[in-house]
Amino acid sequence: MLNYITSYLRSNTTPGQAGNVFWAFVYIMVVFGGVSVAVMAMNWLERKALAHFQIRLGPMRVGPHGLLQPIADAIKLMTKEDIIPAEADKFVFWIAPLIILCASFAVYIVVPFGPTHAITDLNIGILFMLGVSSLSVLGVVMAGWASNSHYPLIGALRSSAQMVSYEVAMGMAVVSAVLMTSLHGLGPYGVGAGTSGTGTLSMIGIVQAQQEQHVWFLFKFFPLGFIAFGIFAIAMVAETNRAPFDLPEAESELTAGFHTEYSGLRWSLFMLGEYAAMIAVSSIAVTLWLGGWFRPFPNTLTGETWDLVFSLFPGLSFLALAVIAFVGVRRMPKHPYFRVQTIGLAGFGAVLALIGLILFAPPVRDRVQDIFWFVAKVAGFMYLYIWYRATFPRYRFDQLMKVGWKVLLPIGIGVLILTAILGVVL
Amino acid sequence: MVSKLNGQYGSGIREASTYLGQNYMVVEPSVVSELLQILRDREQFDYCVDITAVHYPEREKQFDLLWILYSFPRNERIRVKIMIADGESVPSAVSIWATANWLEREVYDMFGIRFDGHPDLKRILLPDGWKGHPLRKDYGIIQQDQEWVQANLGIESGP
Amino acid sequence: MGAGQPGDREWPITMTDRTMIDSKAIDPKTTASKVADPYLSHLELDQPDKTFLDSNELVINMGPQHPATHGVLRVILKLDGEKVLGTECVIGYLHRGVEKIAENRTYTMFNPYVDRMDYVAAVSNGLGYCEAVEKLLNIEAPPRAKYIRVILTELNRMASHQLWLGTHALDIGAMTPLFYTFRDREEILKIFEKYCGARLTTHAFRIGGCQYETYEGFERDVTKFLDFVPPKIDEYEELLTSNRIWLERTKNVGVISRADAIALGVTGPVLRASGVKWDLRKAQPYAAYSDFDFEIPIGANGDTYDRYTVRMEEMRQSLRIIRQAVERIPEGPIMAKVPKVMKPPVGEVYHSIEAPKGELGYFIVSDGSTQPYRVRVRPPSFVNLQALDVMVRGALVADVIAVIGTLDIVLGEVDR
Amino acid sequence: MPQVIQPGMQPVATTFFFYFLAGLTLLSGVFVITRKNPVHSALALIFGLLAQAGLYLMLYAPFVAGVQIILYAGGIMVLFLFVIMLVNIERSQREEQFNKQWLVGLLAAIALGGLFVMVYVKGKALFPYPIAQPLENSNTQQIGVMLYGQYMFAFEIASLLLLVAIIGAVVMAKKRI
């Protein structure tokens, strides 16, 4: 038994590939727990960042700088009365949020946080991701229909139409990236790296292809990779129903869109699903175009010194966060009322500093590096999401469709064709 | 202008004068529809500012009904006033100025003056089933339709 | 779509027919008036047409509790999918009988009530009422009072437009301008508070002039504000004016032609955006407006974007007026000789001013007693709201929101 | 890169998963035809399709499984639901189902059952290999090679047909383009 557990640590694959059920279970727990925590952190960060964009303070009361706000919210939502409208279709109403949640969490099965840090590496990884994330449309449609009310129905119709149409453009961009895995720029069956001309759909394979070709796909066949990435970056915002494409939940028109009739825990499941989906599509973008878990310049800045420098980043970033927390402690009002908050913030800073110090330890350092760089890139996208929300007005529905079908799709097809031609010609 | 119109309608226009620099004319209800049309078409009073009424319960013809008009080209205002009795109806001006729609509805709501040919003459500010017309002088300031309030709001209220 | 066209009746699906007709109708280039004759602002809800897939047209109640109706406005929307086939406004939820109250109060006592109508532009309401009664009494406020009135009214116009901009942008989905405009509106409210102790329902003016002399440092505060605000207006414009999404959401949306606007009695920035260069401050100057030099901004297309640009420019012109007024404010009394007990002679008077939302008129009938016999308020929001149906027919649901925002209605004034 | 199946990589609890997925498929199939509410039917159909995708995975055909999810469960079923949602549900619930067609249905069921029995009796002669060749890693590529090599013509014809269908749909939906 013990052997079964330890044998995986010596192997060099993902638990899914190794067929190790124990470690697969551990990974699943860690990833899902991590995503849930990330969603909560994202919730807090969004409220704070948005508030500062808008010259407000955001949550300040629950915990120092509102740090405990997500927890308070979670408790509130869980204890809130769970209302099911009398005329609703109870079963469908009940199952809709679960479908969304399952769809957006199941995607994480193939997300590669590192060469071995994925639950499994499916041969059809990217296809699986797109397919499963598209299932959340079903949840949206069902939620809107089951509520048996006008606004949710319109919201659901909008949402499904939007998600289905942007999936097409998204698919074009993804295919062009997948195509790049087989094109070394050295002819159709170019020499250079391990595999022959066949590409791969596997998430880990795609990242490795970027390393083998010594280029992020973002910069490959410049500007083709860049355009494809741009299409994906727009489509993924629309796919997750976020501003400026947040029509399904446009509160000024449809009150809250497809989840108008939901409340309490069920509503929070929608939110959880939405944020999880945001993180998931961002990880697709990072994997396909931004070199996945690789640190910047893995091929040019080589050597032990550079390795060391880059491996210090995780610890340093946590220390920086700790410093910010301590600065916050210094700036806390010196009044007995604020004593608990000040101590809390100091404790939080201390925890961050401790994590930072642990991350400096060589064995930990080597193991978490990949995860750190992956998460850092995803975090960049998360910030973009918040930024969009603070800056842009909302599209109208027909304009949204126009952008999807008349702008993104033709460009996507064009990029795909050009990528194929360029790959063969060069 | 007034003399021109006077020639045309003779007895239709009873009085036309200026008070505090503001022009107004009092006309017979029978000619008002035609007159308003002419004011818009020929005299360029293209903007109907307001339609309102005043209630004089002691008079035989209880209501003053007023059209306040403005002309963009002439930069001039004029008030056209008619006097009508309770229950008398007036031709609607909706086909002359589209804006008259809601204004006439409000006059109907507040005074109970009916407009013939109005496309949708119903209460506008008060609820549909309300009884009484509050801006009439015989309607008290704290008076309300208690029946309606009780039926629709379920509260005891009013004097 | 002529009946003579062959094949027209082969398709019993009526939705496509309607699409073609309406897309023509919303074309801003068509010069024909959209106002039906007679103009209908109500829906025949009894006979829902059959449409595609046998599903009835959707009738949605937007409001009275809806985040984007700016109060308790209820709009009944008849929809074909997302397309608006017609609207009907149901108003009166905020009706307080202001006109009836007026008949039971003295002239002075009624003065504070008018602030409660358009509560975001209370100063303008007060100005209109005071000037109307002054006209009836045949007195005139002294020049210094007139200048103070102009300064405060224009500040209030700024505040009203800022509030409009924030909420309008929020309706269209841009959250951030709301907070920026509220931050800057706060400065205006501070000046109001320092001047008369109230921020919103100011009751700043009295019949015959002003109650309060300007406080110590009033000019300094206003000048400071004048220097503070232009970059902020640029900031709003930076966020919106050339934002692609903003342009797409507002250009050619809620178009109202010049003729329609006049026929519907629309006034204020909405009328000016349709290309009518008409502003009561210029056309029939009141207070001290004839002393100042300012422009009337107008739009060309009468769409939502034009109304936005017109209001933005109006803010700048307001600043210009305030600057001139602060520089030239004369010394002297602030109150005319007004009898203690006001008994205007028998007669009637109509006086109107250019409120931030349009022509705000007061028609006052006096029977010679201390109480007005009748006060009629001509509310700009009420009349402008009537144009909603013309502006949104054939548009999408999202446009209804944009148009309600751009009409800049205040339900307190619509319902009175 | 054909990969040798290592002892450690043997699939776990194959029999259990097969019966589980097969049972799920059957059950949801039954639900599809017995539910009166079309949305519930569609929901059951989705579960059936997902279970089928699982069966494909067990056959070492991940690409087919992925396409099953992305096209059937994700794409087509959404359109199904879209249409169903707009239909007046209450009326369709009131209607008698299969009112005149139960005889035809019975005949079809008997024929299909006969086919199954025949296959079961003939059994092993029809399928000489006990299990499919575990070609997990090159399976996807093989499909690609097949579609764009051997069956290119058929593939292109099929896509042309789809194009015709799309144009037809557009023409039918819109009188004037």
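Per-chain numbering from 1; labels A, B, C and D assigned in written order.
Assume a residue touches a chain if its C-beta (ideal position, glycine included) is under 8 Å from a C-beta of that chain, and two chains touch if they have at least 3 such contacts.
Worth saying up front: this structure is predicted, and the values here are computed from it rather than measured.
*Asks:* So which chains count as neighbours of both chain B and chain C?
*Replies:* none
*Asks:* Tell me the chain pair with the top count of C-beta pairs in contact.
*Replies:* Ranked by contacting C-beta pairs, first place goes to B-C.
*Asks:* Which one of the chains is farthest from chain D, going by Cα centres?
*Replies:* That would be chain B.
*Asks:* Where the centres are mean C-alpha positions, what is the separation of chain C from chain D, in Å?
*Replies:* 60
*Asks:* What is the distance in Å between the mean C-alpha positions of chain A and chain C?
*Replies:* Distance between chain centres, rounded to whole Å: 45 Å.
*Asks:* In whole angstrom, what separates the CA-based centres of chain A and chain D?
*Replies:* Distance between chain centres, rounded to whole Å: 30 Å.
*Asks:* Indicate the whole-number Å distance between the mean C-alpha point of chain B and the mean C-alpha point of chain D.
*Replies:* 71
*Asks:* Mind pulling the residue numbers of chain D that touch at least two other chains?
*Replies:* none
*Asks:* Spell out, as numbers or ranges, the residues of chain C touching 2 or more other chains.
*Replies:* Residues: none.
*Asks:* Where does chain B touch two or more other chains at once, residue-wise?
*Replies:* none
*Asks:* So in the complex, which bits of chain C are touching chain B?
*Replies:* Touch list, chain C to chain B: 35, 37-42, 91-92, 95, 97, 99-101, 103-104, 135-136, 138, 260, 262-266, 276, 278, 283-284, 347-350, 352, 359, 361, 363, 365, 373-374, 376, 378, 382-383, 386, 415-416.
*Asks:* Name, in rising order, each residue of chain B that touches chain C in their complex.
*Replies:* 19-20, 22, 46-50, 52, 54-55, 66, 68, 72, 75, 77, 79, 92, 94-95, 97-99, 101-103, 106, 110, 117-120, 123-127, 134-135, 137, 139, 141
*Asks:* With touch defined as at the start, can you tell me which chain C residues reach chain A in the complex?
*Replies:* 58, 60, 66-68, 81-82, 169-176, 178-180, 183, 239-240, 243, 245-246, 248-249, 396-401
*Asks:* Within the complex, which stretch of chain D touches chain A?
*Replies:* Contact set of chain D toward chain A: 1, 8-12, 37, 39-40, 43, 46, 62-63, 65-67, 69-70, 73-75, 77-79, 81-82, 85, 136-137, 139-141.
*Asks:* List the residues on chain A that touch chain C in their complex, please.
*Replies:* So the residues of chain A touching chain C come out as 50, 53-56, 150-151, 154, 157-158, 243-244, 246-247, 250-255, 389-399.
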